[in-house]
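In what follows, chain A forms one complex with chain B and a second complex with chain C.
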Partner chain A sequence: MAGDKKLKMSKTKMFLRIIFKSLKVRRNRVFITFFSIMIGAAIITALSSVYFDISTKMSRELRAYGANFFIGPSASSGSKAIDLPVIEAAIKMVPPGRLIGASPYIYGVVRLDLGNAVMAGVDFAGLRRLSPYWQVEGKWIVVDFDDDSCMIGKTLAKNMELKVGDSVNVVRTETGFQKTLQIKGLAETGQAEDEQIFVNLTLAGKILGLEGKANHAMLSIVSAGLDIDGLASQIQGKFQGIDAKPIRKVSYSEGRILEKIKGMMALVALIILTVTTLCVMTTLIAVVSERTREIGLMKAIGADNKSIVMQFLSETLMIGLAGVAAGLIVGFILAQVLGQAVFGSSISFRIIVLPLTLIPSIAAALLAAAIPVRMTVNVAPAQALKEE
Partner chain B sequence: MKKIVLETKGLIKRFGSVTSLNNINIQVAEGEWVSIMGPSGSGKTTMLNILSCLDTLTEGQYILDGVDTSRLTEKEQVVVRREKIGLIFQQFHLVPYLTALENVLLAQYYHSIIDKNDAKEALEHVGLGHRINHLPSQLSGGEQQRVCIARALINQPAIILADEPTGNLDEANEEIILNHFKGLHKEGRTIILVTHNPELAEFSDRVIRLHHGRVEEDVRLQG
Partner chain C sequence: MFFRMLGQSFVRGRRRKALATITIVLAASLITALMNISIDVGDKMSKELKSYGANINVVPKSEAIPLEIGGVDYNPMKDKVFINESDLPKIKEIFWHNNLVGLAPFLKATVEIIGKEKKHVSLMGTDFDKQIPVAGDDEFRIGVKTVFPYWQVNGEGLEDNDDSAILAGAGIAREMNVKTGDAVRIKISGETKVFTIKGILSTGGKEESAFIAPLLAVQKLARLEGKMQSVSVSALTVPEDKLSRRARHSSESLNSLEYDRWYCTAYVSSISHQIEEALPNVTARPVWQVAAGEGAVVNKIQLLMLVVTIAAFIASGLGISSLMVTTIMERSREIGLMKALGAANREVYLLFLSESAIVGVAGGLLGCLAGAGLSQVIGLSVFGSFISFSPIVLPVNIVISVLIALAGSLMPSRLITKLYPAEVLHGRR
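Up next is the complex of A and B:
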């Protein structure tokens, strides 16, 4: 037994010696194969690393397009407004780290100097996070308790001949409330808000005679990996007379964009793998052609096809493993570059990326070796040794 | 009566419509040194390829050390080559990236057991004990051929088949190789040698002359 072991070890040693020397003597070809596999593995590593982070990161990016969740009174409640503490409590039910921004809204019609307009009471801090796409001329209102300022939609401002810094009289006929407000900013949203005037929630409540109330709230939630329908059910279950729901149009679009990006990444990975396979195959075919006489000699002195195939596959496997190892490192660095460039943050390392890179890369390398290995089997020793 | 190591019966080899070997019937006894001679195109190399199981025959029988090789599969032919034949080539055919020692070990590797000492001894036997770690490119033609001889002998084959072993050598090296063949013959090895060189052939026991794929002459030389 000990003798068998010694014999096996020395045969293994000889096998490895043949392989290493054979690789060493073909440095250029080996480098091309190694480099091809490394590039393929690096792209797969980078794309798969980004793939697993993209849902969260893209979802955050897509939140720039506005609210995707609505909380308001249910139709069955018969009410048009909800108590603010209820809305605040409902907003707090959003899991930590998921809420990008939220604002309650209260609406009413007021008279301005040149005509009537819809006034919206909002939480300016929340609104700014909720609607980062708004184009504001002048300034956002940053202090929640600023009762002397307002923001005004661009269209309304044009119709009322108002500009930043002007004063505007706001009158609510029903309550007799009258206040002069200074315009801090003009908002261009491309939506109905362009015809509205915005004041803080407390002031709006006073003007409209609806203090401590809101008509609804809009929320911007990072929905990737979150059961957003489950959250809506939880909120509805906890608060009577509340309707909570994701805004389907936005959520669905987000999902589709993510799926398309993921699909494109998979396609890019597939193309890169195909190119890698072809490049490795071409190089290995050239290697086999160069080594026809050597293969013929090995067969002539007693090597069977299995030994020759094992040798070529082992050589490919060794180059492949080295290429994958280098590709993992390069790919992870590439992922960080992509992460910083696209999302402004780093990409986390995930252990699943290892098999996701290793298996397809090695499979591609071995697949690429299939035709060259077949060529080695077909080498006729008498013919190979005769060729000059 | 010596044991017959190699025998062909009605051996025919065709390449398409061309008959390269036609009805070859020879017997080679154990310890015999046979030279196969003939002009270019007479079928010498084809004959050697078939005798060394590097190629297959079209018709007839080829029995080597009791094994009828004409019915063997490719895999079984490899085993016969590995177990029973030692090959020596005109162009030496050493693996260029392996040292002299490793080239000899390679034959052991495919055969069975790797024994560095045996391989070293084989190289010492051909006068290359001091060159074992040299690559073929660092050896002269004669030295490369001696490595080739050591490799052919390392697994104790039933026969040694040599194709123009001195064809690429200068006179001095030719003599060295010739002396090695004389030594092998003395040791009782069976040798089949394909050669153009009458000086080399004259040391053999027998000369078989081929012409147009047929045995034209099979003469026993006076020792």
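Up next is the complex of A and C:
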């Protein structure tokens, strides 16, 4: 009994000793195995991290298309305008960090020097974030309380023979309000805005005699992973006489595009994952095949097949775990580089990336070690020793 | 002797060479697939982004400024100008006609609804899915189906030749309390006609507060046969850049070479310019919400693919090198023997590098084929169409494969040739 125990102990000792020696003596081999597993794990970590973040990131990019949410008076209320505080409170209901930009709008017809035009009162700071696609010649109005400036649509400017820097008289016949405004910028959108004149919200309220009111508001919301219809009904439930809805034109397309991009990234990541895993495997197979003679020698001095396989697998497992650990770190750094280069923001770390990297890397490594060892252990030792 | 050794090395070390080739095939196929996709992804995505609707709006040249708030027009109908419907095929004859995905004509009239509280509403006429004759392209379909794929009709759609069917916008349907199957009596300039509502239209845009009928029916009703008011054009474009911005600002500032380049590039501004050339008396305006948004998004996706390709490229390069290092280290005894028999270092290099080059070429070629297949799999499953194969990918890939294989072999062969033959043969390394 005691002898058995001793034998077992010495066997374990021998096992550890072989592994230890093998790691220490053949540093080159260990390094190559470690290195290729690390590269594989790093690329898998980086791509899967990017993949899990792509929806939020691209959703933010798609906000280049402008407003995707509308708040206005409901048809049943019969009113054409809402009070500004109500709109502001409704905008506040959007989860923080999700709102890219928002602006209330108020419209009315005014008289300019050469004819009538539609005037729009907006919040310029919000509008600029809301509509990054505006092509502006001259400057945006940046100060919120700038009561002496306006922006003007390109077609309107052409028809009224106005340029950036000119002054224009604005008259509202109904209220008798009159004011001279300086044109800060010409806006071109290709839509109705081209024929409108823009001033800030308070000034428009004064000119049109509708202070503290707005016709509607437009919002730009990052919608990935957010129940936007739920948000709409929440807002409608909280405020009476308000109609809140996603703008179908934009939100429908956004969903479709996000799905495409996600699908593409998924396939690309999957292909890279497969190919990288296979690459790691071929390298490991090459490393282990080199050791045919060693296997022959072990067999010749009496090792059984099982213990040889075990020894090789444990060795690979140890190097593999170290490689994956290093790969996770390198891959996460790589993901940050990708995120900064493409989106200018960092990629968040997700726990799911851990098993996603660990399982295929280790499985590939063990499989790659097992294949050549199994092929060799069945060969007669003399044959194995003879081979170069 | 050299060729004999080379041949022997491939025959004797079949397994080793096969492994090296497989690795290079895998890496090369990955790079090929990614390169192909990143070259084509811009075109593919901009086709997808067409779901945001028209990016060019064609309207008659007009001195009058429309005064429209919330779909209600404050200008009387009489000084409106029109485009002739017969001019529509001319748009499809411009230089970039192949990039025009769809056209949708519109005619709008303010009409009276009899027997309802709200009297004045707008009635929009458009084509849904109609075939028009175009020179050199006998199958061109126009209509909102291709231009505005996000339009959603709850109920039946409209037939373009049905002059008593109509769609109600979701907003107006709620406001007037009408539903599918109802009849509405529409009056315009003294004439009354009964339409049946075939469906409710949701778009999230101004169309929701109007009735929509086939163009032909509205033309007849408004006595404007063969006329239309605007055309929405959906075109495949490339993102704006410095040149197109300068061209837009003032086309005089471009010299003739720059002008040619601008004219022959599918910028939204040059396509608009060509439409204005083809049709007299119209203004073609880029819809910047769609055009600029598309530019921003396509640039982002291209950049993303490029960066991913570079990352995968570096990873597979390192993978190939580490494999080459292994296969050469493994042969240290052979090198020792060669040196002991009097081979010069140069000859050893030559042998090993030629082996690597052969493996690299073979792997690169096979990898290109596999990669081309792989990119088609992605193209078909994500975009439902083939990815065009860029011929440039082939030579680039083979050169890269060979270079990586050579670089990977150079380092270890140098290391080994430096050693004394006796040491290597003894197996100390």
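Here is the rule we use: the second predicted complex is superposed on the first by the 286 of 388 C-alpha atoms of A that agree within 3 Å, B and C clash if a C-alpha of one lies under 4 Å from a C-alpha of the other, contacts with A are read in each partner's own complex, and residues count from 1 in each chain.
The definition used in the following text is that contacts are C-beta pairs under 8 Å (C-beta built on N, C-alpha and C of every residue); 3 or more make two chains touch, one makes a residue touch a chain.
Predicted model only: the values in this text are computed from it and were never measured.
Asker: Considering only touches as defined above, state whether A:272 meets chain B (first), chain C (second), both or neither.
Answerer: So A:272 only meets chain C here.
Asker: Quick check on the superposed pair: does A:209 touch chain B, chain C, both, or neither? Answer first, second, both or neither.
Answerer: Once the two structures are laid over each other on A, A:209 reaches no partner at all.
Asker: If we overlay the two complexes on their shared chain A, which of chain B and chain C does A:355 touch? Say first, second, both or neither.
Answerer: neither
Asker: Check the contacts made with chain A and report whether chain B or chain C touches more of its residues.
Answerer: Of chain B and chain C, C contacts more residues of chain A.
Asker: If we overlay the two complexes on their shared chain A, which of chain B and chain C does A:301 touch? Say first, second, both or neither.
Answerer: first
Asker: So in the superposed three-chain picture, is A:25 touching just chain B, just chain C, both, or none of them (first/second/both/neither)?
Answerer: first
Asker: Return first, second, both or neither, reflecting whether A:192 touches chain B, chain C, both chains, or no partner chain.
Answerer: After superposing on A, A:192 lies in contact with chain C but is clear of chain B.
Asker: In the overlay, answer first, second, both or neither for which of chain B and chain C A:237 touches.
Answerer: In the superposition, A:237 touches no partner, neither chain B nor chain C.
Asker: Name the residues of chain A shared by its contacts with chain B and its contacts with chain C.
Answerer: Residues common to the chain A contacts of chain C and of chain B do not exist here, since the sets are disjoint.
Asker: Using the touch rule from the top, collect the residues of chain B that touch chain A in their complex.
Answerer: My answer: residues 45, 49, 52, 54-55, 74-75, 78-79, 81-83, 87, 89, 91, 93, 95-98, 102, 105-107, 109-111, 113-114, 151, 155.
Asker: What part of chain C is in contact with chain A in the complex they form?
Answerer: Answer in residue numbers: 15-16, 19-20, 22-23, 26-27, 29-30, 33-34, 37, 41, 45, 48-49, 51-53, 56-57, 63, 65-70, 74, 148, 150, 152, 171, 174-175, 202-205, 248-249, 285-293, 296-297, 300-301, 303-305, 307-308, 311-312, 315-316, 318-320, 322-323, 325-327, 329-330, 333-334, 374, 377-378, 381-383.
Asker: List the residues on chain A that touch chain C in their complex, please.
Answerer: It is residues 28-29, 32, 35-36, 39-40, 42-43, 46-47, 50, 58, 61-62, 64-66, 70, 75, 80, 107-109, 115-118, 131-135, 137, 155-156, 159, 188-192, 194-195, 215, 245-253, 256-257, 260-261, 263-265, 267-268, 271-272, 275-276, 278-280, 282-283, 285-287, 289-290, 334, 338, 341-343, 388 of chain A that touch chain C.
Asker: Within their complex, state which residues of chain A touch chain B.
Answerer: Residues in contact with chain B: 7, 10-11, 14-15, 17-18, 21-22, 24-25, 293-294, 297-305, 307, 380-382, 385-386.
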